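Listed after this line are the structures, all set down as structure tokens.
First chain A sits with chain B, and in the next complex the same chain sits with chain C.
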Partner chain A sequence: MPQFLEHSGTSWKGQRLKHAQSPIDRIDPRVRVIVAFLFALVVVSSSRFSVLLAGLGTALLLAGLAHLNFKRTLRRVVAMDMFMIFLVIMLPFTTPGEALFTLAGIPASTEGMMHAFQIALKANAVVLCLLSLVGTMSATTLGHALARLHVPDKLVHLLLFTVRYLDVIGQEYKRMRRAMQARAFVLRSDRHTWCSIGYLVGMLLVRSLERSERIADAMKCRGYNGRFYLLDEMVLTRPDFVFIPLCTLVLGALTGLSFI
Partner chain B sequence: MHIVDGALSGLVLASGAALAAGGVAYGLKKLDYDHLPQVGVLSAAFFVASYIHLPVGFSSVHLILNGLIGLALGWAAFPALLVALVLQAVFFGFGGFLVLGVNTFNIALPAVLMFYLCRHGITAASPKIAGIWGAVGGAGAVALTTFMVAGSLALSGEAFWLAAKATLIAHIPVMLVEGFVTAAAVLLIRKVKPEFLNISEDWQDA
Partner chain C sequence: MTALIETRKLFYRYSRRGVVLDKVDFTLYPGERVALTGANGAGKTTFLHLLVGLKKAKGGEVHAFGQLRNEEKAFVEVRARAGFLFQDPDDQLFCPTVLEDVAFGPLNLGKSRDEALQLARETLASLGMEGFEERVTHQLSGGEKRMITLACVLAMKPDVLLLDEPSNALDTEARRRLLDTLKSLPHAMIIISHDDEFLRELETRRVRLSDATLVEESIQQGVAVITDAEVA
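Then we have the complex of A and B:
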């Protein structure tokens, strides 16, 4: 796999990743999560090309509205497409039906082709919508929005913790890898590499565990009794009252289109 | 290992979501507030570790490590993995929204099963036996996950049978690598911080 297509979670920038201010930022995070969910529901449950194309159009529109970084978004969408291409590419050959063309003696059916295109359209539309509506808020905001939507307390706390320490642990990992590189360690496909990486992972876990003990102590010292207080009040404001009817209209139209 | 939105049938999506919700609820029930920081930080560590790409032949694989996650967290693997998958879907565009349930279940259930299967093995007195159990946990979890992914695809339509089989074959090298990596990690943790693997048992039974 080419280097640039590799997702690297070790460069998780989470809260520091800059994105251009956009009208989407002014919409209530709860509304954005719900709309993204409903959009996914409508698009995935439909099997009409008109709906899927309109859905992808809507998602592209949202991406434009959210001023998504073009290069970054393209990289992510392409990475996802590369991932599912193996799944999709076989469909025309395994679905029985009218032969469209033959490749190496195996007929490719029109039905299978259609199915493959449908999956590609759905996946891209949902991911674009998700990236533009939910991916543009900070992970902490997402946690708060989920809490306000009555997602269980502990799950939200877990999310907030994970997000907070992703960067710290990522730095720790990079430091250890640099130490290995300084000792001339090169990744190869042999047992030595796997064992060394295993030790690296084990050490990373041990250090993380010890860090978490210090964190827990520090939190208890400051009166942690098992809950975070979410101080921000989320209220619907004027942009929301424009956005909600608009979304209802679009989603309604998409749903209607799938029944015509 | 992620399935994207749009591929699976409604029934598979719904049952996956329901099963995952059950697992997450049980995991959260077992997880008390005192251990939240621990699970949160470990979950971050696994998130980072799961992006290590290793070369295998001409291609590369990335670690999943769900066997090790299960051994370290037990049932808390369910919420921890859900959180990781949400973050991946939302901020990296990896996976999808409606398939979150299926993906969580496919990765977390093998983790929990390996916890029950191997937790005694990895505390064995002989390092060799412990290492073998670690390898069984690492490779077994990936194997089970692969079977479940293939199963989800196969259940969604006969046209996916070939893709399901291809998934199984493509993941054999991943199982091998995960086995070695998990065994090494278990051996190291035993030596450096033996209470790690017991700590998690302590509060599992509480």
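Then we have the complex of A and C:
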């Protein structure tokens, strides 16, 4: 796996451990989740360039406020852009409309071009906002915030358990992978490689399943009856009362701008 | 003296592995520390799982704390009073922070948030693990994980401890610490282990599971045999 995907795909400790304390950290996690959600809603549902540019500007401002690590953020944003790049390239050629230019005999339409730009702007604005507001809290805090916002228990548990055991399963994967290497296994594009990787994935699934059963047993032994208790208390504090009106203002302005 | 846990003609069979427990009679009395030994795959862990109802016996009876336990509902109380320490601490520690994990059991027993936190802090302190409250569970060392799982179990104030290879993968120091802690506890215990020295310091009685039956072994004899082997 390429390094940038490995980073965002298999480990998410949030940026809390490494990034410097920022004003964003002092805002209640629940507020951050809600604001990020509303921001995404406003930006995605607008089709005006002024709104999108203002949205991107706001997101950049938030990123600055959150003291995001520039390199890491860029890596993550690029990782997301990779998913969209084909869509953005294809759109001008597949949307009917006035031809802007022709490439190998296929006309690219102005409408398609605009559409592609819009999608790229929207996606980047939303991702930047998410990275600065939600990405800066640890996954556990996010889980608790979601629980406090009455997101269904099952989903929250799923998130919390994933966070807890991703690392354990990752370790198990690495252990098996090293054991394979220790017996001179090298990745090739032949039958033997495919077969072995298949065994590796299969074994990982079996082991994870068995582990999940043991965890369930261990929880039962301690009287688990389907309920989780959240111990931390989340209380709105002064920074929240500054942040909330500010966000309401910006979001209101963005919404208003889309209707002018 | 009344027995804490008693099995009568306990029977268990796996579809592939075959019979692992054949009409096993066993009794645990207060204050006893019973060492349970046997070859790998002999069914030691299965036996403990049957005692707390994690697996359902194919025959025979489990009596615990003065009552016959034969269904899931009846085992809920057993699990609260018999603390089970799993082989792999990672299976047991699933909360993000140590304090939450230790408080998980007491909360399930119906304690209030403050009581549970208080109990968790006290338990950690009694094991000399104060200062670990806010640590992230999966970043602990093996020895620390073991002590925290013990705290998790003790926070529920059990009468019996069921320990499944507690000294596994511990370094000398962590092992010593666990041993001293266990020795200072008043609980009746069943200890599965392959670590003979560890058992010798703890056990008051030793049973061996072989060929699906439990055989009582005298401790002195056990020691004598081992010494002979060492000499040879």
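FYI, the second predicted complex is superposed on the first by the 244 of 260 C-alpha atoms of A that agree within 3 Å, B and C clash if a C-alpha of one lies under 4 Å from a C-alpha of the other, contacts with A are read in each partner's own complex, and residues count from 1 in each chain.
Everything below uses one rule, namely that contacts are C-beta pairs under 8 Å (C-beta built on N, C-alpha and C of every residue); 3 or more make two chains touch, one makes a residue touch a chain.
Note that the coordinates shown come from a computational prediction; the quantities given were computed from them, not determined experimentally.
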Exercise for the section: Mind checking the superposed model to see whether chain B and chain C fit together on chain A or clash? Expected result: fit
Practice task
Would you sort A:I24 into first (chain B), second (chain C), both or neither based on which partner it touches?
Solution key: neither
Practice task
Pick one for A:L56: touches chain B only (first), chain C only (second), both, or neither.
Solution key: neither
Problem - More chain A residues in contact - chain B or chain C - result: B
Practice task
Classify the contacts of A:L231 with the two partner chains as first (chain B alone), second (chain C alone), both, or neither.
Solution key: second
Practice task
Check whether A:R211 is in contact with chain B, with chain C, with both or with neither, and answer first, second, both or neither.
Solution key: both
Exercise for the section: Quick one: classify A:V126 as touching chain B (first), chain C (second), both or neither. Expected result: first
Exercise for the section: Give one of first, second, both or neither to describe whether A:F161 is in contact with chain B, with chain C, with both, or with none. Expected result: both
Completion exercise
Quick note, chain A centre (C-alpha) to chain B and to chain C: the enclosed angle in degrees to the nearest 10 is 70
Exercise for the section: Name the contact category of A:R222: first (chain B only), second (chain C only), both, or neither. Expected result: second
Practice task
Considering only C-alpha atoms, give the closest distance between chain B and chain C in the superposition, rounded to the nearest Å.
Solution key: 9
Exercise for the section: Identify the overlap between the chain B-contacting and the chain C-contacting residues of chain A. Expected result: 160-161, 163-165, 168, 211, 215, 219, 225, 227
Practice task
Please give the residue numbers of chain A that touch chain B in the complex, ascending.
Solution key: 1, 6-10, 12, 14, 36-37, 40-41, 43-45, 73, 76-77, 79-80, 83-84, 86-87, 90-91, 93-95, 112, 115, 118-123, 126-128, 130-131, 134-135, 139, 142, 152, 154-155, 157-166, 168-170, 173, 187-189, 191, 193-206, 208-213, 215-216, 219, 225-227
Completion exercise
chain A contacts chain C in the complex at 138, 140, 160-161, 163-165, 167-168, 211, 214-215, 217-225, 227, 229, 231
Handout entry: Of chain B, residues touching chain A in the complex
Key = 2-7, 10, 13, 24-25, 28, 31, 33-34, 36-45, 47-57, 59-60, 62-63, 65, 68, 72, 79-80, 82-84, 86-98, 153, 158-163, 166, 170, 177, 180-189, 192-193, 196, 199
Problem - Residues on chain C engaged by chain A in the complex (per definition of touch) - result: 49, 52, 54, 76, 79-80, 83-84, 86, 88, 90-92, 94-97, 99-100, 103-105, 107-109, 113, 116-117, 137-138, 152-153, 156
